[in-house]
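What follows is a set of structures to go through.
Both complexes below contain chain A, partnered by chain B and then by chain C.
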Partner chain A sequence: MNLKRTLALSHLLTGLLVSVMIIALLGTLRLLTPPIDTIGETLLHINAQSTQVANAVTSVVTYFRGLDTLGEVSILFLSIFGVALHMQHSTRNLFGAHDTLLQIGAQVLFPLIVLFGVYIITHGHLSPGGGFQGGVIIASAFVLRFLAYGDHYEPSARLLTLSESLSGAGLVLLGVLGLLLGDRIFAQILSLGTMGTLLSGGVIELVYLFVGLKVAAEMTLLSQHFIKARDV
Partner chain B sequence: MSLLYFVLLPLLALFLMPLYRKHLHIISVMLNLTLLTLALTCTHTLPMVERVAVDLPFAITFVLERASWLLLTLFTLIMSLVSLYHLRYGNDKALFVASTMLGVGVSGLILSHDLFNIYIFFEISSISAYLLTALNQDVKAYGGAIRYMIVGAFASLFLLLGIMLIYLSIGVLDIGAIAERFGLIEPRLQFLILLSLFIGFGIKAELFGLNFWVADIYQASRSSVGSLFSALLSKSYLFVLFHLTYLLHVSPSQLFFLGLIGALTFVAAEFSAFKSHESKRIFAFSTLGQIGIITLALSYADAMLSAAALMLILTHAVAKTALFLALDLLERHFHSSHSTIFARFHAPFLMGIIALAGLSLLGIPPFAGFVAKLSILTGLASLEAYGAVALILLISLIEAAYLFRLLTGFRQGTGKERLYVAWSHKLLLGFMVLLLLGFGLMPEPLLQLCQAAAASMLGGNHVPL
Partner chain C sequence: MFDAFGSSALLHQAITLLCFIIFGVALFGVLVKKNLFNIFLAFSIAEAALFLFFIGNHYAAQLQAPILFEGLSRFDPAVMVDPLPQAMILTTIVIGIAVLALALTFVIRYYKLTGHMRIDEMDELGEDR
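Then we have the complex of A and B:
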């Protein structure tokens, strides 16, 4: 059997497996019954006991499954590092706009968007939102500046890299502190407030703060790479 | 000592990168040697069970038992050797980030007992592998990386599908709890879940029918990266696949299917290697061949065979690392990895390393590879699987043919170029071959470790909730 035939056979078998899989999936989805235990009630019960966080989803993301979140932050870091490494850069911005109205608009909106992003991050434990969402909102303020100022706007690469780096390290160190002083990664080593108040989350708020800062810096860097790409 | 340090320390080193950006190669060596030391210090405290998150049913458990410890130690050893190898070439930020993240990914894969958490580490190791493939930043590297990414997305999709079906059916993600409740799932759905997990992990573990992409990826990557793929990546996925297989108590017919896939992987890979004339492709197909034998041996779910398979994982990882690193030296010099380069240089030490590691790979005494393959053959014979014994012996002749063809290249050609090999590289490569020789002459300690690991793996190292 030569190499080409082996490869052809491999392709054929893969195709067959996928076909079987799709047919089986369509046929057996109807077999799914609701899980033996529904998770919602249990989550609310545990959340009330372990944290003072009003938004139970935040408790899952940052506290109960904080390790998964750290993994997701690492995936984001790795993906953006890959883009930065392999993108061919141009010295010119793709959007060389010189619209005065747009620039004034961007000037007015920039602090408001950043403020809104900070609000979303700091209130992630009280209402829908959090570090990932708030971080992306802050990055969108920088995207607006890229669009409005063209080549005349260049955020400090040093500041962005340092923010990204220190927030990531802060997140990991918070995890290590939890292990050393508490019973788990991201353990509650800070005192909790009263449910529903701004300072009620303890460590959870710090986790979201670091995640938000990291996502904001990384998404800004990512946008910059795409905007300054030689070929898009 | 927390098992999470195997994940947290590399992440901390990565995130603090701007503070020591000019010394990444030194940090890499220090980090990997620290992790290797940590792994070795765990020897006397096994098994270690650590609840990373404590609240049920959201708990995430990390488990280090004999089998995962053996692999963790192997992975940190290989990472240390590869980082020491690169020390001479100075700072390489991309290599530092991608290889460190790969270490995080494979460590998490073998330590975590939570299926969704395993998926996170699956993604981390996959993305690191795409980056490692593209390190050369040329058309070939990008082509390989994109192909790898497409295949990887396919694997992730099936793995996620399997996890989703499990969670929707029984509402848990801890693999101990899944093992307890898996029988409650409707049999047809059970089959679909197993098939999804098999395709997800099978693609990454480079099994037959799902491994058509492997040789191209190895060829597109640097040779030193090939050592990480061959020794770490495929082995970690294979470990998780069989870990789940044993925990979920799959039926004998499903184990037979895995064995059949293993045999087909072995046969197809060895024939493909024989047909190939490109060194990296030959080594890639040879890796597939060994994965085939390991899969075949593990599919019997027998203590003796599983111990032998684990021994083959260890010896193959060391031999392949030595071969890929030696090839990397040649590739850096000749800018080619075609097998004809073997006839173009004169470097007795390097030629000796390639020959000795090749002999261990082939299973020739007195190297450790011989002990591993002999254990597999005697294990199969004790189970009266004479067909499998005959197949391994017969196909090994093909393996011998292409490896000797490669080695005879040293004797061909005239006016050979004298190749300088640095002392640091000689020490490293020599150490690896000495390891193979040492464990070949005195295999008992390693065999005992593998037997304990196999017993732990087959016992299911179940952590009841």
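Then we have the complex of A and C:
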């Protein structure tokens, strides 16, 4: 196939794709109507008595769609596994800045950022936030350490692996316990508490705690693999 | 912030148009750019357009977040947005990050193997150029 024909074919395909998308856009613009009686409304109605959680998004993520979250966490784990298989590890930090001011700032900020991440995780059922967001915030504290200390900093691999595997096992255990003691996977097996307090929601807070630990460990591992990649 | 739109149909049409434009930018990047890194960046821009589309189309003017705080005492679909799309988009964002990390790893591996990452210079399958 010569170059000219390939060019013409790709232009034809692009034009076809764009016209199909424009037709779809016009149809979407015309058909936009407010949805009536969706699943979300039903979930909002039953949320108050079935979960006692002030944040409805949290109850959807961890309770009504708990199996989905388990699958999502396993996709994240598999992806980090693939990254760890394919990136060649070295001890040299590609992005380390040897700056005293940054090192002192990292010393001050590291515990504060970790504390803020833990706060976001533990208050995920009361305010915006949750396991994923808080986990990423905790990982950002470790990224700050990577940037500040350069080659001299390496997080404890044993601690990272231990927290990741223990939280993953805890998440699966919670699901199986719900299946055994309750009626479905991630069923409510603890007392609900009263809405608006820190210990409300029962199993939901535990799920987010495990998810937060797992995401923090995995994101730290991920950034470590990219920051300490072997020179190309 | 969006109260100036008045009717939510107009707001949804504006959001749909905006997301279509962002998706068009991403599609342009995927089709025209030759660098593998730029192509995966364009894919992640397309993801962002989809997130905006889903979240924006389930928002209507004067609706609150589905969270109880001072001023709200019970869950009422008339004053709160649908929590289901937000939860699903939260799932999708995490999966998008995971897939992007894996794809960039493959790009780095490819660069180490061949010394370039332009798709118009690929000839590993032995095709004539």
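Operating definition for what follows: the second predicted complex is superposed on the first by the 191 of 232 C-alpha atoms of A that agree within 3 Å, B and C clash if a C-alpha of one lies under 4 Å from a C-alpha of the other, contacts with A are read in each partner's own complex, and residues count from 1 in each chain.
Operating definition for what follows: a contact is a pair of C-beta atoms (placed from the backbone, for glycine too) under 8 Å apart; a residue touches a chain by one contact, two chains touch by 3 or more.
Source: prediction; values computed, not measured.
Novice: Report for A:D183: first if it touches chain B alone, second if chain C alone, otherwise both or neither.
Specialist: The first partner, chain B, only.
Novice: Answer with first, second, both or neither: which of chain B and chain C does A:N55 touch in the superposed model?
Specialist: Second partner only, chain C.
Novice: Quick check on the superposed pair: does A:H45 touch chain B, chain C, both, or neither? Answer first, second, both or neither.
Specialist: After superposition on chain A, A:H45 lies in contact with chain C alone.
Novice: Between chain B and chain C, whom does A:T14 touch in the aligned arrangement: first, second, both, or neither?
Specialist: In the superposition, A:T14 contacts both chain B and chain C.
Novice: Quick check for you: in the superposed arrangement, does A:I23 touch first (chain B), second (chain C), both or neither?
Specialist: After superposition on chain A, A:I23 lies in contact with neither partner.
Novice: Pick one for A:H86: touches chain B only (first), chain C only (second), both, or neither.
Specialist: Touch partners of A:H86: chain B and chain C.
Novice: With both complexes superposed on chain A, which partner does A:V108 reach: first (chain B), second (chain C), both or neither?
Specialist: Touch partners of A:V108: none, neither chain B nor chain C.
Novice: Is A:D68 touching anything from chain B or chain C once the two structures are fitted on A? First, second, both or neither.
Specialist: both
Novice: Check whether A:A169 is in contact with chain B, with chain C, with both or with neither, and answer first, second, both or neither.
Specialist: After superposing on A, A:A169 lies in contact with chain B but is clear of chain C.
Novice: What is the shared patch of chain A, the residues that chain B and chain C both contact?
Specialist: Residues 10, 14, 17-18, 21, 25, 28, 32-33, 35, 38-39, 43, 60, 65, 68, 72, 75, 78-79, 82, 86, which sit in both footprints.
Novice: Can you check the complex and tell me which residues of chain C touch chain A?
Specialist: Going through chain C, the ones touching chain A are 8-9, 12-13, 16-17, 20, 23-24, 27, 31, 57-58, 60, 65-69, 74-77, 80, 82-87, 90-91, 93-95, 97-99, 101-102, 104-106, 108-109, 111-112.
Novice: In their complex, what parts of chain A are in touch with chain C?
Specialist: Against chain C, chain A makes touches at 10, 14, 17-18, 21, 25, 28-29, 32-35, 38-41, 43-45, 47-48, 54-57, 59-61, 65, 68-69, 72, 75-76, 78-80, 82-83, 86-87, 127-128, 130, 132, 195-196, 215, 222, 225-226, 229, 232.
Novice: Give every residue of chain B touching chain A within the complex, in rising order.
Specialist: 2, 4, 7-8, 11-12, 14-19, 51-58, 60, 94, 97-98, 101, 104, 108, 116-117, 120-121, 123-124, 127-128, 130-131, 134, 137, 142, 158, 161, 165, 167-171, 181, 184, 186, 188-189, 191-192, 195-196, 199, 208-212, 268, 271-272, 275-276
Novice: Give every residue of chain A touching chain B within the complex, in rising order.
Specialist: 1-3, 6-7, 9-11, 13-14, 17-18, 20-21, 24-25, 27-28, 31-33, 35-39, 42-43, 46, 50, 60, 63-68, 70-72, 74-75, 77-79, 81-82, 85-86, 161-162, 165-166, 168-169, 171-173, 175-176, 179, 183-185
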